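Here come two complexes built around chain A, the first alongside chain B, the second alongside chain C.
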Partner chain A sequence: MPALFFLIPLIGVITLNLPFRKLMKKTAFWFAAVLFIFQIVLVSSHRTSFWGTGLVQGSFFNVNFYVDHLTLIMLFSISIVSLASLLVARAMISDENKRFNFINLLITAAIGMNGIVMVKDIFSLYVFLEVAAVSAFIMITINKDKPALEGAFKYILLSAIATIMMLSSIGLLLLIAGDTSFGAISAAISSSPQSMLVKLAMAIFLCGLFIKGGLIPFHGWLPDAYSAAAAPASVLLAGIVTKVSGIYTLIRIVTSLFGFTPAVSKVLLLIGAASIVIGAFAALGQKDLKRMLAYSSISQVGYIIIGFGTGSVLGVTGAVFHLFNHAIFKSLLFVNAAAVEKEAGTVDMDRLGGLSQTMPITGTTSAIAFLSTSGIPPLAGFWSKVIIIIALWQAGYIAYAAVAVLTSVLTAAYLITMQRKAFFGNIAPGLERTKEAPLAICVASIILAAVTVGVGVFFPFVFNNFIMPVKEILIK
Partner chain B sequence: MTIDLILLVMMTIAALWAVMARSLLKAAIALAVTSAVVTIIMFRLASPLAAVFELSVCTGLITAIFVSAISLTRPLTHAQTIAMSKNKFRRYWYLPVIMVIAAAALFLLKIKVDVPLPQVLAIDDVRNIMWNLRQLDMYGQIVLILAGSFGIVILFRESDKDGS
Partner chain C sequence: MRPEILLLPILIPFASGVLALFTSRKYRGMVALIAAAMNLALACFLFKANVIFTAPWAGFGFEFILRAYQFSGFIIGAAACFAILITLYCTVFLKEKAFSNQFYAYLLISIAMLNGAVLADNLVAMLFFWEGMLLTLFGLIAIGRPGAFKTATKAFVIVGICDLCMMAGIALSGHLAGTLTISKISLDITGLGGLAFILLMIGAISKAGSMPFHSWIPDAALDAPLPFMAIFPGALEKLIGIYFLTRISLDMFKLDPHSWVSMVMMIVGSLTIVLAVSMALIQKDYKRLLSYHAISQVGYMILGIGTLVPAGIIGGLFHMLNNAIYKSCLFLTGGAVEKETGTTDLKKLGGLWKKMPVTFACFAVAAVSISGVPPFNGFFSKELVYDGALERGMIFYIAALLGSFLTAASFLKLGHAAYLGKISKENERAKEAPIQMLLPMIVIASFCIIFGLWNTLPIQKLIQPILGERLEGHNYGGFPTNMMLVIATVAVLLAALINHIFGVKKSGSGLGAVDHIHHAPVLSGIYDKAEKRLFDPYAIGLKIVDVVSKIAWSVDRGIDWVYNVFFVDAAFAVSNGIRSLHNGSYAAYLAWSLAGAGLVIIFLMR
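Showing the complex of A and B:
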């Protein structure tokens, strides 16, 4: 039945674009909302009988999807961030036609991401990566303003390079294995681990994924795309698209295909540490709120990669946990940025100030998100960072652990600066008449804040039931 | 073997021409030539199906779309073209250098096929490949085309407010 996560949205998008456009334009938002809520409920109900069964044999849709615990976590993140982006779109895109097109693209992006996390075939993975990426390119430019077009163009160019790299690597792997399924490739790689051809294929594929995930030094496109994108698109892009297409894929490919060779671990640790430090320093110097969040995103993704690079059970589960947390709190910060953009008309932090007085919900949820990002207990971000740091320590990477701890202080520094400039203190001149963000944005930020607090407070339950079982990806 | 080498060199030259050409129209034609050479290479590698797709889509359809899009633009004057290409060279001189270094690195690494290669399957029925073996990818294509059509609507349809 996991095929439903692919089929229902697909049939939905096609139906929405049949005649009766007027009616469809009205129902599009509700259809998408029900779709994402349905996905959230199904994933969190955690019923094994549902996931194991396929559609009726011999039917027109004869496709196998695979679901494990990592997939479940990703499906949950995809649906919740898409829902937040949908709510922000309702408030931020006033033109009905544009909003309708945006919702359609949001659903196709969700199909793409659902596909990415459910396939076990490297070529199908590539196809769905493209689906998600193409939808994201267009969503960025929904307002057709110049910075957004420029940001999208940079994203397209670098994403195309990443795609070419992955496709060449898939070609090499097909040559080696004779098939594109994960099982066949994994068997072929483990039977000749010293082959130069295999190493070349691995190196090219990893570089492609680093570009997709926006890691240092492959991050050139990310700040422009995040900061120039239309507000609902930046929520989706920062919250989940790059996480699924870059980081999830990296985790899946390394654990299912390449395995943790010492070289792979070393590269991951180095790239992760560089991203953490450079991302945090770059974030310190930003004046534009969304740009600062973009650099912060690079830094946080670095934590995921460095934890994953240890290759231990604790490190990998910590990385997956941080991936989930980061998807939630970074989308929350971008939802808040959207609220500020809508009400104050700018995201330049020098011109903002004291917004907590007029926008209490936005100010409070933003405080929760920034505390979670900087790793303050008992919020969700604290637990995942602690697990990653313990994993680094246990694996003997003490220098990397020290980097992770020290940069955590930097994270707190730039986020406190952000919070103080935008939300605390006296209200900035010209902003006295701002009011609380529209209801849709408030609902989105309250949902995301509730998840951040809930996961943090009920950490033992969440960790044991949802996160720890992810270790199955390490045991072949 | 010699023919393959000649074809590969031709492909590289055509691809370079596509990137370096001063006019967009010539670049589009050069791209079509590149695809045509790739088609021949695919035929020689016993992949007629891929070759037919390459020929019809990349050489035919895409070139037609490019040329029709270019015909809608206003061409630059000769002086502007020369200024543009000088500017382009100043900004991107390092790209060919990187390419040469990468090629040299790959050559020096002496990457050979050093793994036992699996037997290639006999050519299967196209219908079977498309609708049974790679069914999911075909559905993915459908979603991709849908997303692309929304893109065209968003980027190219003028809204009423724009006045045209």
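Showing the complex of A and C:
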């Protein structure tokens, strides 16, 4: 049954493009919207007859599908961020053809991401990674402007290197295990844990994922791609694509295949800490709103990795929780950036100011998002950050915990600067006639803000029912 | 007698104090007077009682124990007598004042707190009531003339710091003794015990107004309402301070006359006598002059108790009673003069004896009492203190005697300047004070004579039972047995008189009678500095605090700079550094990634 998550969109994309193209152009948006909403509803009502009572496994053309609680969280994030991106696209892309193409690509990317989170076969995983990545490349350049092309080009080149690394690693693993399914590889690795080949495979695979996830020092492509991408593409890219293809995959690969070793933990903690600190410092000096958000993304992903690096139950659940929260509030910030870009015509923070007066919904939701990112209680971001910091402390990584705490001050600093420059204070000259963003963007930002607030306020319920069960990935 | 009755001396004045606060101006005095009368009746009822009231309190050994016995009955009775007389006086003196409701309320609550502190047999309970008196002290000063708030703060800070010492002393002695029940504590003064004693002593003598914790009293004399001076520094604070000093010296700590704490107390006492009276000598204001005497006389009490010989202790306690009597009387005469002439500045006063003969008579009796002229009460208590001081060391005796000389000299000056000489034009129409004011003065002044002529009465009935077995059968009542001391005293008083006549002749007025001492070569410089408050511990403390706060301020600025400038600049410098690395060069990004990958692979393959 889970295969439907990529079968239905696939069939949908094909039908959209075969006959009646003219008619389909008009209905594409609604088709995609229904698709994503359906996915949201289905996932959030989990444990229904659709999912059965326990974990669901299925097979389609030799591709093994596998759904656990981590997958559910990812499916939910994918659908909600894709929906936001879709809404932004409706408002931002005025050309009907371009919009139709974008929606097709969006559904394709969703197929890719749904596939990534559900497969339990390393080669299929790679295939879906490529599906998502290729759709993302094109979405970035949907407007065919020069910076976007440059950003996409950097992304493609570094992604290509990542692909090479992962493919080589997959080759090595196939050599060792004789199969590409998680179970077979995991069994082969645990039978010969000291094998140099395994270590090499693991190292190369991890480096590939670090590039995909945009971690320091593998992040070179990320600021350019995020800031130059078309607005709806940047929402999708920052909100979910890199998170799924980089971070989720990392979590899945490490827990299912390689397992935690002290060395892996050390690498993860170090890279996580470096990303947190350098990302935050870099964000502090940015003038471009979207670029600042891009560096902020690096920093926040650092939190996920550092929490995951502890390898403890609390750390891993905290990391997954932060992954989810980050998907929500970072997409929200990019949706707001899109609204600003559309209405004010610029994302240069020196030229913005006082937009809360003319764009109250955007200003307010942006405030919610930045407070959540900075880790202000009771918003969602506070809880995940606190869990990660507690996990670090409990695992004895007190220095890392200190880094995490101190950097959240920096996080607050650059986000407050952003909020103050763009939204608070007197309205900047030339912006007096701006008006509230189009309805579609407002709907997207309100949905995302509501999720952030709701998850924060009902934290115990959400954490116990959805996040805590994720610890099953640690028990093999 | 039910033990619960011990709660009444606390509850009744407290409740009537609160009531007085909300009573209209017309009936305030009446309410206060009735309450004071009830308090006096209770005090008489409890006078010979021996009752213990115990109630569980906060736990941790903090039991609420009240104990009425000989000594506490004596103190409560004395306080109740003063309270009713002063209240009677106030009904006239404060009639026109808007703040009289506050005054009565604070006064009655003070009485309640004093009763509680005296009755309490648990150190924590006592501290509670003791601190209650600090609050009313603040209130009573603050309602005085405009600007009194500063003086009230000064008093609050000084007494508050000393009470803090006492609090530490209570904690320490409770820790050492294992109990907080006063009657069960018996400590040595070795090691920490000595520290505990000194801390408790600081609390006690600062309440009594001894040096160096005195400097708020002369300021309050000018700022606070006058009846406050008569009742608080004049009577109640002496009673409770010396009461507690006696309790710790006799009951709580095992002291003997050769211990170092005895020496400490005698030194404090002697210095207080001499220094305060020297300051009193040169004052040009009726109330301010009296206030320095209020400090100086404490010295006799501390010196007497500090000798730790029976004669000295009895002398100290008797002096406490006598001082309360004549000092409140003196303050009340000052109040009468202020009410009738509108000033207490000695330069504007003079020749009042014709206009206010009763006031003058009361003043004269109290003044000769305080100077220690036989056969008034002050003479007998001073003789006992001399006796004790001489037994412990000639130097203390000489200090006490010098104090006597200066006291006599300053009162000759005060009496001469205020009541004798030529009357000034403004005071031509002054008349005698009303009867409600005269009555308390007359009653108190008559006690000066009664306790002088029949000194065996207070000594044998009130004071000697406090010492009990320490007396070893001696009786200190009656005329002093050591005639040498009497002769020396009389000689000193005569010297003071001669000095006065000499001074008047030299300067030509009563006010300038001591100018030759004031302007003596070395003394004049010291006096000038003292008048500029260079020796005021509070002023010195304020200066030190000022310096410390300036240093702290600059440290704070420094910390601020670190946070507001240094960290921000450093953060932006780092940020700019990182930003300049991101130059958009694809090759650089690729190099970073590959270098990172290389490091990770090497690390994991290791």
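Annotations
One rule holds for everything that comes next: the second predicted complex is superposed on the first by the 461 of 476 C-alpha atoms of A that agree within 3 Å, B and C clash if a C-alpha of one lies under 4 Å from a C-alpha of the other, contacts with A are read in each partner's own complex, and residues count from 1 in each chain.
Please note the rule applied: a contact is a pair of C-beta atoms (placed from the backbone, for glycine too) under 8 Å apart; a residue touches a chain by one contact, two chains touch by 3 or more.
Source: prediction; values computed, not measured.
Aligning the shared chain A places chain B and chain C next to each other free of steric conflict. When both complexes are overlaid on chain A, the residue A:L200 reaches chain B and chain C alike. When the two complexes are overlaid on their common chain A, residue A:L157 makes contact with chain C while staying clear of chain B.
After overlaying the two complexes on the shared chain, residue contacts for A:Q286 are found with chain C alone; chain B is out of touch.
Of the two partner chains placed around the shared chain by superposition, chain C is the only one that A:V264 touches, whereas chain B remains out of contact. After overlaying the two complexes on the shared chain, residue contacts for A:A91 are found with neither chain B nor chain C.
For the superposed model, the angle subtended at the Cα centre of chain A by chain B and chain C works out to 140 degrees in steps of 10.
Of the two partner chains placed around the shared chain by superposition, neither chain B nor chain C is touched by A:I306. For the overlaid pair of complexes, the smallest distance between C-alpha atoms of chain B and those of chain C rounds to 7 Å. Shared interface residues of chain A, touching chain B in one complex and chain C in the other, are 196, 200.
Contacts from chain B toward chain A in the complex involve residues 109-121, 132, 134-137, 139-144, 146-148, 150-151, 153-155, 159. Chain contact summary for the complex, chain A toward chain B: residues 6, 10, 13-14, 61-63, 95, 97-98, 101, 104-105, 108-109, 111-112, 115, 119, 121, 123-124, 127-128, 130-131, 134-135, 137-138, 141-142, 144, 175-179, 188, 191-192, 195-198, 200. Considering their complex, residues 153-154, 157-158, 161, 165, 196, 199-200, 202-204, 206-207, 210-211, 216-218, 220-221, 223-224, 263-264, 266-267, 271, 278, 281-286, 410, 413 of chain A touch chain C.
Within the complex formed with chain A, the residues of chain C that make contact are 571-572, 574-576, 578-579, 582, 584, 586, 588-590, 592-597, 600-601, 603-606.
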